[in-house]
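Structures follow.
In the two complexes below, subunit A is the common chain; its partner is subunit B in one and subunit C in the other.
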Partner chain A sequence: MKLRLHKKYKLWLLITVFVALILGLTLGSVGFAPKELFSIVSHKLFGASLNDTIKPIHVSILWTIRFPRALMAFLVGACLAASGTVMQSVLRNPLASSYTLGVSSGASLLAAFVIVSGFSIPMIGRYTLPLMGFLGGLGTVFLAIAISVRFSKTLENHTIILVGMVLSLFVNALLTVITSLSHERLSHLVFWQMGSFQGQTWTNISITSPVLLFGLAVFFYYSREMDLMTFGEEQALSSGVDAPKVKFVLLTVSALLTGISVSFVGIIGFIDLIAPHIVRRFFGSNHRMVVPLSALLGGGFMVVCDLVSRTIISPQELPIGAVTALIGAPFFAYLYFHKGNKHA
Partner chain B sequence: MLEINQLAAGYGEKEVLHNISFLFEGGQNYCILGPNGCGKTTLIRAMAGLIPFKGSVLINGQPLDKMKRREIAKHIAVLSQINDLYFPYSVYDTVMMGRYQHQKSRLFTTSSVQDAQMVEQCLEMVDLTNERDTLINELSGGQRQRVFLAQVLAQDPKIILLDEPSNHLDVRFQIELIEHLKAWSQNSHRIVISVFHDINLALHLTDNVLYMKEGKIPRSGKFSEVTDRPFLHWLYEADLKDYMLSSLALWKEVPDALSQPL
Partner chain C sequence: MHKKHRILSLLLVLFMIFSFVSFAEPIQKDRAGNEVKLPEKIETIASLSPSTTQIIESLGLLDKLIAIDTQTPNYVEGVDSLPQFNMMTPDIEKLAELEPDVIFTTSMSNLDGNPFQQLIDLGLCVLEVPSSYSLEAIKEDIMFYANVLGKTEEGQAIVDEMTKNLQKVEELGKTVTEKKRVMFEIGAMPYLYSFGQNTFLHEMIELIGAENVFAEENSWIAVTEEAAIAANPDVILTSVNYIEDSVGEILSREGWEEVTAIKEKQVFYIDNGTSSLPNQYVVNALIEMAQAVYPEIFGESLPMAQ
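Right, the complex of A and B next:
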């Protein structure tokens, strides 16, 4: 079987993601025609006059609710997928993700602390919860790496994964204790853990997008190192890669991307697992290709999942974490195991 | 020139190599022989700086532990066993990865013409030009081994360390591998150090041998000068059969066999 990097697949991916974004923006309790969408965007960005049929409330719905939500879904999907790609490659484990190293557990623990205690940092107010979630997630990964270094100076993969999983279980146990002692806040806590894109703002986007761009730049910079590291630590070292240093940087930045996502929208699984696998299936393993395309696919897929979560039983919403798995699992199985769709 | 002095290395608390010293000279091939668990692979890994070690490893007088990884990779390449391929690359891309330490640009520049030429040459050497676009996880074990050999050759190092390089290779490619390595070291005054299990095969590559046992080198030198049947029996703790030592017979015990017509 020969590897062919299908340009037409790249084009299809771009078109699909673009269509997903348009659908994410236009469909919902208040629907917009593409023409109206274009008019409102032109009005907001360039001061063009609005179509007569568009009411101010529609502008407000699209610009302050729908846009931040759809864009945030895209950014979070992209962050999780890029992070998952890197974790799988660096740890040489097709099932690895930032969650393996305890990002979600750490984030949940500190988020639970904020929710249960009502703790708030005066200067940042409602951003206390995402900030603490972010710090918890990132802190857990740093702790996992610090403990791993004590056992293995070269940061061997199996040590990191084992330490991450043990730490994750331990932190989960603490979370269970907190949860069991705080019945009155239980629903809030559970809701946060299930993930949601409700209430996203432009501020969230202005925080998340530079982090995503920074992460993608770092991943692109280290793409050749990642290629070599998929063959194993020793192969990378003997080819000239400072594997422990590169691994530390990549794990940290991956945790940063996952941490920022978890902090704003709660815990959303599955995308970080499937997006890289699907992209590798169609475009090969070269990280210069896999990382950005995984981010693109993850972003588009998350927009679709969010659309389903808020429309399928409207006005109620399904937890986004459940939707990603409900749609993603059969979709992944179809793409991955359907013989006719093999990339080569 | 590669010099090791009082080299000691191991895993955790367990020391596998015990104060080994040796001088490997340019333009020469060497094979390391010994029973399982004697420290052959550990010696290869320590000489490449892949595991921590005590003592010193000097490449042309420069201490290995003071060099950066990229610099070490310009001097030493290692061909080891890679069994787990989680994410497949094409044969061409895999061999091109051997050029990593020669490529300066990090972001937008693709491989240079020189890199591409080197990769083409290496693919030709291992007879995989026609498989350049094939994914490596779809190759046989022997073909894969040749891909990684091509990657090591593309690295263009001064010293190649090989850990059981003939594994998975059929007879034709075992012979070709050895011929490639001989030509490679002799034409450019470089060093090939290989770990072999098969004494006969090792002797097709070189008659410079290092015998290892229990983390030490009890004997080293020209095969014909340092090898005899009692020593091999002691080394391997086994009564070796004649057919396992056909090279020994050719080299030492029946020297006339070399001059007899076929």
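Right, the complex of A and C next:
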């Protein structure tokens, strides 16, 4: 019975995400009929000839602007949700996320450094900012873990979380010092921190998607260990799980997924928090299911949020960070409590 | 005939008296509408925005300046040695110690309330002049500064000059037959910012005889990349100077290849200072814009007046 219910939910989730993606690709300041959409896609992918009614400028809008943007929204949503799920499970804390361990503050710090100094790495030029943001985010998490090991050989959860938060606050303070000393470039930094899906390219997609796949593969490989660890570390140890090692790998890979997202689109919260909770509510806590389904839900949800952010007051844009929480909070409340009541 | 003349001269005298009265009427409110009381004499001035400092400079009062904001040295020469204050979070103690006769600010609202309230309580004269959104309001601002500082004539001369130059551009702008559609970026990708009506930059685009692609919108706006491309501007202007080569960045954007302005390489940088600070120097930005968009009409012949 329960399994059949899961199957039904899974089907619904798949359909919803699929519809969200189609909507994300078709809706925007220029509308496309499905026929035009199909014509442009087959033109780009297979070199088919275009319908005469389609202007070249529309091809650019769809293929170079909207597709990368919508797909990137999906990838980033998936990365954040998967990473949030694993962080929550591994640290056995329903509020934990990569942000707790300082990914966002570390990324912001190095991004601020790049923006303020105008520093640019030769050869990669415009990718300097994402790369440094990525290194900053990942570096902070490593530092948090490294410090935690000093206090607790077994990587106790409370230690990691506490160290992560203290380090995060410290890094934030450094960031505040930099920003208050550099007014001229402040606007650039503030924009960067607000997050945006504007200006995504196919290159960004080709960098992010393998990272997401790699992360999901690692999570899948360790899903049994994660299942055991949710019952407590002693339990896991007695079942032969090398908890500290597994924890280290999982935390690093989670930080990697969040880091890559933050580096391309800035800091977007909320999805990493709610996606895992919703998925667990409907599909139980088996990580083999929860992680990929969270990723799917997070991706679909982010596509919808991005769609809203760029269409609701078109040609203007609402900051994505505001939209995720504005739509997400009521959505979360509805799903979480609605379902809870039915089964209570 | 004589009688008529006498009535006329009487009227003239009356008119002069009245205008003198209105002219001498003391200023009781600042540009934000706050009740204020001006000191008898103004010997020392604190100016907390670059735009204000530029106006004070053009009124010939730079030597009365005793404090500025941190941005001013980027726009006005010879003031680096003055104490500098952060306009959002000024060091109130230090400002109070300097005891300027007047303190000009652009905004007294802050998340924590009025950061200047303590100075007002100490009896200092704080005058708020919010950033103006229209050319007409900019002229009124200039007259406000001039009147407060006892330089009405000089202020009037600046405003007259400004009016004359605006008219010159407007007249030439009216001869434009093919209205070009202009997008003016004040924030570069990925955070495109532009503006609609109720901004002096929008007015300026219309003055030169062009059309703002976001004319339907209001005030400063964050625009989506899609909408910007779909608007297909003939010319793109940018005042972004926080990245190097903002024109090059625009020309090399992926997915913009089909936009007319990109295809025809009609992308130009407009000076950030003159196009963003609300004072008489916007005329210089206006002339730059005019010559960029319609070189054949505005050519080199327009005087760089202000």
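In this section, the second predicted complex is superposed on the first by the 333 of 344 C-alpha atoms of A that agree within 3 Å, B and C clash if a C-alpha of one lies under 4 Å from a C-alpha of the other, contacts with A are read in each partner's own complex, and residues count from 1 in each chain.
Operating definition for what follows: a residue touches a chain if its C-beta (ideal position, glycine included) is under 8 Å from a C-beta of that chain, and two chains touch if they have at least 3 such contacts.
As the structure is a prediction and not an experimental result, all values here were calculated from the model.
Q: Consider subunit A as the common anchor and indicate whether subunit B and subunit C clash or fit when overlaid.
A: Aligned through their shared chain, the two binders fit side by side on subunit A.
Q: Would you check which partner chain A:241 touches, where first means subunit B only, second means subunit C only, and both and neither mean what they say?
A: first
Q: Mind computing the angle subunit B to subunit A to subunit C from the CA centres, in steps of 10 degrees?
A: About 140 degrees between subunit B and subunit C, seen from subunit A.
Q: In the superposed arrangement, which partner chain does A:232 touch: subunit B (first), subunit C (second), both, or neither?
A: The answer is first: A:232 touches subunit B but not subunit C.
Q: Using the touch definition from the top, say if A:224 reaches subunit B (first), subunit C (second), both or neither.
A: It touches subunit B, and subunit C stays clear.
Q: What does the superposition give for the shortest Cα distance from subunit B to subunit C, in Å?
A: Superposed on chain A, the two chains' closest C-alpha atoms are separated by 39 Å.
Q: For subunit A, which residues count as touching subunit C in their complex?
A: Going by the criterion above, the answer is residues 28-30, 55-57, 59-61, 63-66, 69, 118, 183-185, 187-188, 191, 196, 198-199, 201, 310, 314-317, 319.
Q: Help me check something: in the complex, which residues belonging to subunit C touch subunit A?
A: 70-71, 74, 86, 187, 189-192, 214, 217, 221-232, 242-244, 253-259
Q: Give every residue of subunit A touching subunit B within the complex, in rising order.
A: 1-4, 88-89, 92-94, 153, 220-221, 224, 227-228, 230-232, 234-235, 237-243, 280, 284-286, 344
Q: Can you name the residues of subunit B that touch subunit A in the complex?
A: Residues in contact with subunit A: 45, 48-50, 52, 68-74, 76-78, 80, 82, 84-90, 93, 97-98, 100-101, 103, 106-107, 133-135, 138, 155.
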